[in-house]
Every structure is written in C-alpha cells, then in structure tokens.
Amino acid sequence: MDALSPSGEALSPHTVVAAAQAGLAAIRARRPRIHCITNSVAQAYTANALLAIGAIPSMTTSPDEIAAFAGSADGLLVNLGTLEPELRAVIATAIDAAAGAGRPWLLDPVFVDRSPPRAAFAREIAARRPTVIRANAAEIGALAPGEGPAALAARLGTVVAVTGEADRVTDGAKGFAIANGHPLMARVTAMGCAGAAITTAFLSVGAPPMVATAAALAVLGLAGEVAARTASGPGSFAIAYLDALDALTPDALADGARIKVLTPGDAS
Amino acid sequence: MDALSPSGEALSPHTVVAAAQAGLAAIRARRPRIHCITNSVAQAYTANALLAIGAIPSMTTSPDEIAAFAGSADGLLVNLGTLEPELRAVIATAIDAAAGAGRPWLLDPVFVDRSPPRAAFAREIAARRPTVIRANAAEIGALAPGEGPAALAARLGTVVAVTGEADRVTDGAKGFAIANGHPLMARVTAMGCAGAAITTAFLSVGAPPMVATAAALAVLGLAGEVAARTASGPGSFAIAYLDALDALTPDALADGARIKVLTPGDAS
Amino acid sequence: MDALSPSGEALSPHTVVAAAQAGLAAIRARRPRIHCITNSVAQAYTANALLAIGAIPSMTTSPDEIAAFAGSADGLLVNLGTLEPELRAVIATAIDAAAGAGRPWLLDPVFVDRSPPRAAFAREIAARRPTVIRANAAEIGALAPGEGPAALAARLGTVVAVTGEADRVTDGAKGFAIANGHPLMARVTAMGCAGAAITTAFLSVGAPPMVATAAALAVLGLAGEVAARTASGPGSFAIAYLDALDALTPDALADGARIKVLTPGDAS
C-alpha cells in the first residue's frame, strides 16, 4: 500500500481532489457493486446513497448467499450497527470471499464504544486487516484502547479514517485532514453508514486506499454543504443530500474541497 | 383466466386505461390490505407506496402470525429480495393462506440471476402458480432458463410481467407493452419492490390479472414521468413519486398511458 | 404518579402547553438517548424523527447487547410491530434493564387487534406496568377487551394514550384530549411508531407521565399541521414533518396546541 498518488507525485491536496474527480467519474461509468452488511436501520438510505453516487448496492445477509454476493462484488462494507448472533458467521464468510477475490473491504465499527461484546468482535474483525477502518474518535478508542489511529493503522497495515468535525485519514505515517461537511449530517440516521458505503465504492475503482478514502470524505462533506443550502431542516436535508451526490461536478470538487496534508505528528 | 376485458370486448390499449382508472378508484375507495413478505431494505418505501396509492400495508414475517395476516389480506406479495433460511417456511405458509382464501399473489424473484440457491427456491415458488410473476429479463432467464416469458406463462397458467425500458405483460398467448416510465426509477432502491406491491393491490380489486397488471404498470410508469418533472435528482424523485401516486387522476391516465397490444409473436 | 403539574397547580390546557415547551427545550439541550425495539419497517423513520426532535436513537435487538443499551438509555420504546419469536426474550430483558434503572418505558401494541398471539404477548407486557401504553381504539380493545382506557390505566397504574382523530390521555381518573393533527399523518408508514418514540423522549426529561404524554401528542399533531401546509402529498409530507419537528418553537406551541381537560366521565 502506497501513500503516493497513482502517478507517484508527492501527496498534496491536489492529489485528493484529482482522485475525487477521477473516482466519481469511474463510479458513474463502471457502476461498481458494493455489498453491504449493515443494520436494518441503515439499509435503505445506504442503498439510495450508493445509487445516487452511481454505484449498485446489494445487501443480503443470508448464509446461503453471502459468499456468492460478497465474492462477486467490487467492494464489501462491514457495518457493525448491530450484533445479531447469526451475523457473526456471515461477516466472516463475507470477508473471506471479498479478501479472497482481492476486493477492498471497509470496517465501520458503529457504537463499539457503547457495547463491550461488540468491541470485542470488532477487534477480531480488525485483525483481518480491512482495507480501511472508518469510525469516530470514541469508536476508535474502544477498538484500540490507548493506541490512537496512526498506531492502529501502522500495526494493521490498514488505513484509518476518523470522522468528526474535521475528518482525518492516515496510513500510520502520512495523512490528510478534510474539513468539508455540515452539522445537519449528524441529524440524519444512517448518514455515516451511507458515507462508509460510498467510501467503499471509491476504494473499488482504483486509487490507493488512503487517497481514495480522503477523496470520498471530501465528496461526502461537500455534498452535505451543497444540500444544506436548499434544506429546510433534517428531513429535506437527507433528501437534498442524495440529489447533491448525484449532481456533484468535477468543478465543484476543485472549488469546494478543503484538504490539508498531515505531517506524521498531526496524523497521530 | 381470461385475457379479455371484464365486458368481453377485445383487448385494446383502452382496456388497460379503463382498468387503470377503475382500479385506482377501487383501491382508493376499498383500501385493500396487501401483505408483503419483502426484504428489510424495501419495507418502508413499499409501505409508503401502498399508502400513497390508497392501499394498506402489512409486513410481519413472524411464523406465529403469517397465516392470519396473509389469509385475511386482500393480496400477497412474495419478494425474494433476500433468502434468510427462516423465511422459506414463512413464505410457504403465506402462500397456502392466500391461495386458500382465493386471494391473488405475486412473485417478485429479485436478483435470482445472481444467486443459484435463490433461483432454485424461486422455481419451487413459481410452481405454486402465482397469479403474476414480475421480474426483469435477467431474472426471468434465471427462473426459467431458455424458456422465455410467454412459454413460462403458458406452462404455469400465470401472467408474466417483464420490466425494462418498456414493460411487457403476457399470459402466454396475448399481451401488452407499456412504454411509460423514467430512468430515475432505476436510481431509487425498492422502486421495483414497491411497484410489485402496487401491482398486487391492482390484482386485489378485480380486473383480470393480465389487464390489471398492465394497468398497474401504466400507473407506475406514469407516476415516474410526473415525478421526474419536479425532481432535482434521485432523492427528491423518490419523494415526488409518492406524491404522484397519490395525485394521479383518471384524465392523466387517459392522456399519458402508452400501451400497445402485443401479438403472439411479440409477446414471446 | 400524580396528575397535577410539577408545580402542583390544577390541570389545565396551559399545564400541557408549558410541559410541551419545557420538554422540547430539555430534549434539545440534554439529547436523551431513546432505545427503540421496533420493527424493521419503522426503524429508519423513527430514528430520523428522534434526531429531528433533538434526541438520540439506538435500536439494537441483539440479545448480547440489549441489557447494556436499554439500561443505559434515558427511555425505552417497546413497539410490537412484529412478533418474531427471538424478540420476546429481548423485550423482557430490555424492560428489566430500563425499569431497573428507573427509566420510563412505553408500550406501543401495534396491530394487536389483527393477531391473537400478539395480543396475548402484549397483555403479558402490559402487566409489567409500562409508564405509558399508546394505541388506537381497536388496539386498546384487543389489549383489554371490554375494559376501556380509563379502567385499564387505573388497574395497571399506568397512563393510557388512545390515538385517533382526537387523541386522549388518561391516568384512569383525569385526562386530556388533544385535537391537533392532520389526515396525511395516516398516509405515512411508521408515523405512529415515530410518535411513540418521541413520546418516550418527552417522558425521559421529567414531567409527570400524563402531562408529558399529552405534551408530546400536542407537539406531534402540531408538527403534522405545519408540515401539511407545504406538502404536495404523502411523500413530501413525511419529509416536511421531520423539518417541522426540528423547527417547532415555544410560540407555535402556545398558539397552536388544542387541548381540553377531560372530566372523569369524558376520560372513560
């Protein structure tokens, strides 16, 4: 895994903007299928967000079908939004299938800070080395107590994205901060789950994981800013957000993305 | 099952328009309850679409309750959007109850083209002779390999609706093509599942199945065209579609339905 | 449980308006977490309604997690929108945890009038003395045949809210009628479930249960009236309703709440 841009140039905000533009175009052209193991609260909005960005969702968690669906998808999202016992085996099978097929997969350890058994299970899953782990600071704290995102990323050889007022992405050595977003994003259920699914779509179309993740976070945050301009509240915001994902242009990304390169000290 | 209109006149586009107008009025007046066995991704939008057209949804899949709910409903939707093992017995019980009560039921074999075990189960269900099978071309191909919709309909004595850019409905001998619709319909999750539920509502109010199915497809496609006029993207389209189902008038159907009668050669 | 307002004054419509204003401010300031055991049809809209009013939803039904989530929440909603066998034990555990922690909990016995096994289970749950039982008249009839809401409330020492064209709340002796609302509220799935969750949020911030319940019903009905002013149909209404919950002001409550005090004869 290499933190340089595909052309080998040094990391810069422009690297991320270019990856966001290229990733958006590639998703719209190739329509990757992202298989999502996610909780029932988040399923419909996640599916609509994937469709809005140009990807195709699939969502079965049937034990008879999971290997076929996850193994033939272009990327896999593992969201731990609930911990139904029958899901544990399904998740393991799905990861085997996706990893075996060389596909990227993302772990979203939702609410592990509120549930010790869920945190324990999330640590087992993280040990499988997801392409990306995406979580808020409290969840990272429960997943890797005392360790911090950069050390977690370095230990596992994965990319860690910590969402918050500014999002941060790191591979353990280098990183980006993305300042896009809007407070209404915290007032809509499944907004983070949908963002994780869209990040998986960006991972599936080829940029290196750290750059692809930063690109996805810029796209998500910018769509939130666009949606907030026309929304009258959290209900209309959730709908306008889907429209904004669909309408986002390369120029809007160039103008609106707010990205900083993090030095090793910042990224920890 | 008879492909003529209720009054015995020969099939014509007008037959379908009249059935759409009468069906819409009957659904709004009688408020049929449609029991839906469907996946969790599709449940809320399907319920809202049924409410928007004037019907009442029910959705339990509890083994203790399914016979009572399905047997007392006015129609049953069986959507195979997932294949959780515990659903197989529930589906069989629901079909027994609905068929035993003389109610119409519709099979929507979602994604059978991507899952061999789901296709095998769908073939078992199809052998129970649903009133209508509704699927896209790839799903029909997996359900009845090499057979084609007209032969499938004739063999089972059922109506087969193949959705696509133009929808086609056949009873094996005759049929209709319905050219209504809009590309945004493919950008919203559960749009097809909701359409299948509304088709079941049209089946429940009395027109012969082939005509009722064609009528429902005209209503669904026309609502999509209306919604697209005010939508700003897939998010607002999904919402405007529910408003359009609620607002559709007999005149809009007469003006907007685009229906062709298929000859036996066309229908295969 | 005392039907007087917190300051000991006699019940009046103003008691409820003041509780609605204070409750709304408290929810927005304290952000209570409401744990919801509810059916998959209702989950996303219920979560979005809680977020719109200012509360935080959680929704797991995992047996490994339910005690921790329900016991640490500020209130618990038990919605019987389906009766999956594995939910019965989860519900019992959740009630033990919430009641043990001294938290309010609300029972919403959805569709018990259509399912005898569900009604039997709801009677067991009601015997645990929920803080509030919220249902329509048919559901109350199935839950407590021949008894009526006031007698049910008196027998259990609970508050019973009967929703309908006008909502009624009683503790068995006294009560309120709330005339706010709009017919479009019956055309959106999960509107009642979301209302029950918001009622639980009002219970969690401190007013006596009968007053808090009446306050919540006034808020819900008034938001429906506000939403209907801009909606074009049931789809846009559901979205505008979330915006209205977010935007509701103390002045709008003072101007718009339509509350009557019921005498013992009215309340039965």
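Just so it is clear, A, B and C label the chains in written order, and each chain counts residues from 1 on its own.
By our rule, a contact is a pair of C-beta atoms (placed from the backbone, for glycine too) under 8 Å apart; a residue touches a chain by one contact, two chains touch by 3 or more.
Small disclaimer: the values here were computed from a predicted structure and weren't measured.
K.L.:
On C-alpha atoms alone, could you tell me the rotation angle mapping chain A onto chain B? Nearest 5 degrees is fine.
P.N.:
My answer is 120 degrees for the C-alpha fit.
K.L.:
Would you mind working out whether chain A and chain C touch using mostly the same residue numbers, over half shared, or mostly different ones?
P.N.:
Because under half of the interface numbers appear in both copies, chain C and chain A meet with different residues.
K.L.:
Just curious, how far off is chain C from chain A if you go by their C-alpha centres, in Å?
P.N.:
Centre-to-centre distance between chain A and chain C: 35 Å.
K.L.:
Two or more other chains touching the same residue: where does that happen in chain A?
P.N.:
40, 44, 238-239 - these are the residues of chain A that touch more than one other chain.
K.L.:
Using the touch rule from the top, collect the residues of chain C that touch chain A in their complex.
P.N.:
So the residues of chain C touching chain A come out as 40, 43-44, 47-48, 51-52, 57-65, 68-69, 72, 238-247.
K.L.:
Quick one: which bits of chain B touch chain A in the complex? Just the residue numbers, please.
P.N.:
39-42, 44-45, 81-85, 111, 114-118, 187-190, 231-236, 238-239
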